[in-house]
Amino acid sequence: MGELIFEARAARFRYPTAAVDALRDITLEVRLGELVALVGPNGSGKTTLARLLLGVVEPDSGEVLAAGRPAARWDRRGLARLVGVVAQREEPVFPLKVHQAVLLGRYPHLGPLGTPSRDDRAAVESAMQRCDVAHLRDRWVGTLSGGEWQRVRVARALAQAPRALVLDEATASLDVRHEMEVLELVAALVRDEGLAALVVTHHVNLAARFADRIVVMDRGAARAQGAPAEVITREVLERVFGWPVALSQWRDVPQFVPLRKGETEDEDHS
Amino acid sequence: MRRWLPLAAAALAALALGLAVGPAGLTPAQVGSALAGGGDSAAQAIVRELRLPRVLLAFLVGGSLAVTGATLQAVVRNPLADPYLLGLSGGAGLGAVGAIALGIGGAWSVPVAAMVGALLAIALVYRVALVAGGQLDARVLLLAGVVVGAFAASLMGAVMALSPAPEVRNALLWLLGSFDGASWRALSVFGVYALVPLTLLYSMARPLDLLALGEEPARFLGADVERTKRILYLGASALTAAAVSVSGIIGFVGLVIPHAIRIVWGHLHRELLPGAFLLGGTLMVVADAVARTAFAPLELPVGVVTALIGVPVFVWLVRRWAS
Amino acid sequence: MALEAPARRIVSLSPATTELLFALGAGDRVVGRTRWCADPAAVRDVASVGDGLDPNVEIIVSLRPDLVVFYHSAMNDAAIARLGELGIATASVKLDRLTDLARAARLLGALTGRGAAADSLVRELDAGLQEVAAVGAGPSVLILVWDNPPIVIGGASFLSEIVTLAGARNAFGDLDRPSATVSIEAVAARDPDVVLATDGKSEPAWARRPEWRVVGAVAAGRYATVSGTEFSYPSFRAPAAVARLRAALEGRQR
């Protein structure tokens, strides 16, 4: 098994002004070399859990560790060398060229004078190649399409030379092609370079196809955790999402279909 | 390195222009010989005691305003931010008017009072913007700046209406901005003072790059967001306060110059800040030269000239950006 | 606006017109004045209405005047219109130069039925000025009313005229306006012989600033001082003003 990158043990968290816990008794692990998907309805705590693992908020009880140390105790630069984060949306307000944007990913590595070295430039170049944005290097980021900008941000995260990637609904606003491209890229990085990836997403079916393990969140608790085949079941999905579903298979991976009014699960799928 | 040449050349050309023109009508040859120590004593006095410190001060102030403009635009993530949105121009005006109204004499009373007023305004805005949890909220900063500035300006109006000293109205003229009071002493005081915030802001070039992306991305790229915001805001404000006390309120430089550099070089502050400094200084020297020669011996407020130059440049920039 | 009868209750909104009304012998009819009016001494018994520019119409009206005399300025247009609506006669008097005095005197003389006094004042003024007028090229004088930014008195001001009558020359007399914002360099280029202060202080405060040393007269301490309200606005005391200024300029040379 790969090294443990993120770990939560019986973690509990409540936002300061909230009436109920946002996260209850969360125990989970993310290791190098695996892609873990975090799914669940809105408000189930997916993003809060990601922020907890990244040390943005501290648990009220229980432990949350990143690479063996309490997540909230990490210094920001150190954590940035460990984890690259890609969020759903980022609006560029000022003009930046693509290669400048990706260079920002090297900042956690730059010395006190802040001059990028040859190694830094090489890391930027390599990140752009792997994300297939090298040909866009001199374009202004404001002129990129949504998918291209997303890939640039993935390249930026890669330029951090992290051992883990966290994608927080990063593909939610992309079309099919771009979403698949990003997920394929992340899966390749996990497989070929041994990164750990935590993908927070709405798209349960895609999660099932790409993830090694899935965590299904429901009102702050981890309702189910495990391989997709174990976790993507009618009972879990119907309980968590509150909607009748039918299950089918695609190449040994369960896929679910939400039922329309009047449809039942027993009808033939031909 | 080659990219700096045009800017450096423009800066030198502007400085030469600033020295060469003026209401005294000296020829370039006379200016040259006065600089070298020859020529008649009147020309020497004019060139060495008046024009030289004046163009140097204009360059430093213009550069400083451009740097603070760029900094604030990144901190509040708003391309329309300008050093005076912090409310300190109102504070400076109130200080200046207060000093005149109270009849506080002394050659330096107005600049010092303006500085004190500006610093008080900065402290007030900072306090207002510190929401619960000790975080400096950028949107609240902007709003607080506008509100404090308006409050100070209205107090200024009250002082002017109630004060028995008729000279108080002249404070408004001072506020409009001018480098006429430049002297070697003013230049050295400002120069030494400005070195600290300028160096500080330049050393924060990387955090500025990150902060401009947004607070969350900045944090995930390793920036200490709260500390960075605090230092940048205070550094930029302190520098602007000094610029206002030494030369009044001169607009457009802090707003427009950073964009001019960004459109050509992009937004990395290691180049943006020095580039903005050079270009801002250049613009200010040219504006000041125009202000004192266009209608000689009458003198226009420099802020009027920077606006006249700045607005068409801004329009051109926006069109270029949009295309 | 025309009056059927000579004005009996007058509010005067500038020190110059106040003094003028008193000089015409109509001082007992002045029921309101500005806070800046100080001459003659009798005005202190008259109620003050505050500022003369953009004045408080309510206070003026409360004094029940039949004539309100304004200083000619766009800032007073609103107040003039308001008083017009209320049926109160107004007069707008331009008094920037000595040459404006005659017309102002005749206007106010007509409005107060003191036309004869007006004529006599004008004759006295002309005679008095002729008597004190000096001829010949005297020193060039810098009249600076503010230092930061430098504001000088131009040719279209009574102060400039007084300087000329005293046999000197206003260094910025070629500017055809009452005042102008210039630069220290412009002052240095014109190299005035003497700096005139009208506030009675022997050395202006701004002279201590190092950048003003470029002006020869400042570096050498060549100052002349006068004081008195006859140097603040045009008045019939101008001949005395001319004489005092000349004495101050000559006295300096000793």
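By written order: A, B and C. Residues from 1 in each chain.
Please note the rule applied: a residue touches a chain if its C-beta (ideal position, glycine included) is under 8 Å from a C-beta of that chain, and two chains touch if they have at least 3 such contacts.
Predicted model, so just to flag it, every value in this text is computed and none were measured.
Student: Is the way these chains touch best called a line, a ring, a star, complete, or other?
Tutor: Looks like a simple chain-to-chain line, open at both ends.
Student: Name the chain whose C-alpha centroid is most distant from the C-alpha centroid of subunit A.
Tutor: C
Student: By C-alpha centroid distance to the whole-protein centroid, which chain wins?
Tutor: It is chain B that sits nearest the middle.
Student: Would you mind pulling out the distance in Å between where the CA atoms of subunit B average out and where those of subunit C do?
Tutor: Chain centres of subunit B and subunit C, defined by C-alpha means, are spaced 39 Å apart.
Student: Go ahead and note the Å separation of the Cα centroids belonging to subunit A and subunit B.
Tutor: Computed from C-alpha means, the inter-chain centre distance equals 45 Å.
Student: Where the CA atoms of subunit A average out and where those of subunit C average out, how many Å apart are those spots?
Tutor: Measuring from centre to centre gives 80 Å for this pair.
Student: Under the touch definition given earlier, write down the residues of subunit A that touch subunit B in their complex.
Tutor: 54, 56, 76-77, 79-81, 83-85, 87, 90-97, 100, 103-105, 107-108, 110, 114, 140, 156, 160
Student: Would you mind writing out the residues of subunit B in touch with subunit C in their complex?
Tutor: 22-25, 42, 45-46, 49-51, 53, 105-107, 110, 164, 166-167, 170, 173-174, 178, 180-186, 292, 296-299, 301
Student: In the complex formed with subunit B, which residues of subunit C make contact?
Tutor: 35-36, 146, 148-151, 172, 175, 180-186, 188-191, 205-206, 208-211, 213-214, 216
Student: For subunit B, which residues count as touching subunit A in their complex?
Tutor: 73-74, 77-79, 205-206, 209-210, 212-214, 216-217, 219-224, 262-263, 266-268, 270, 321
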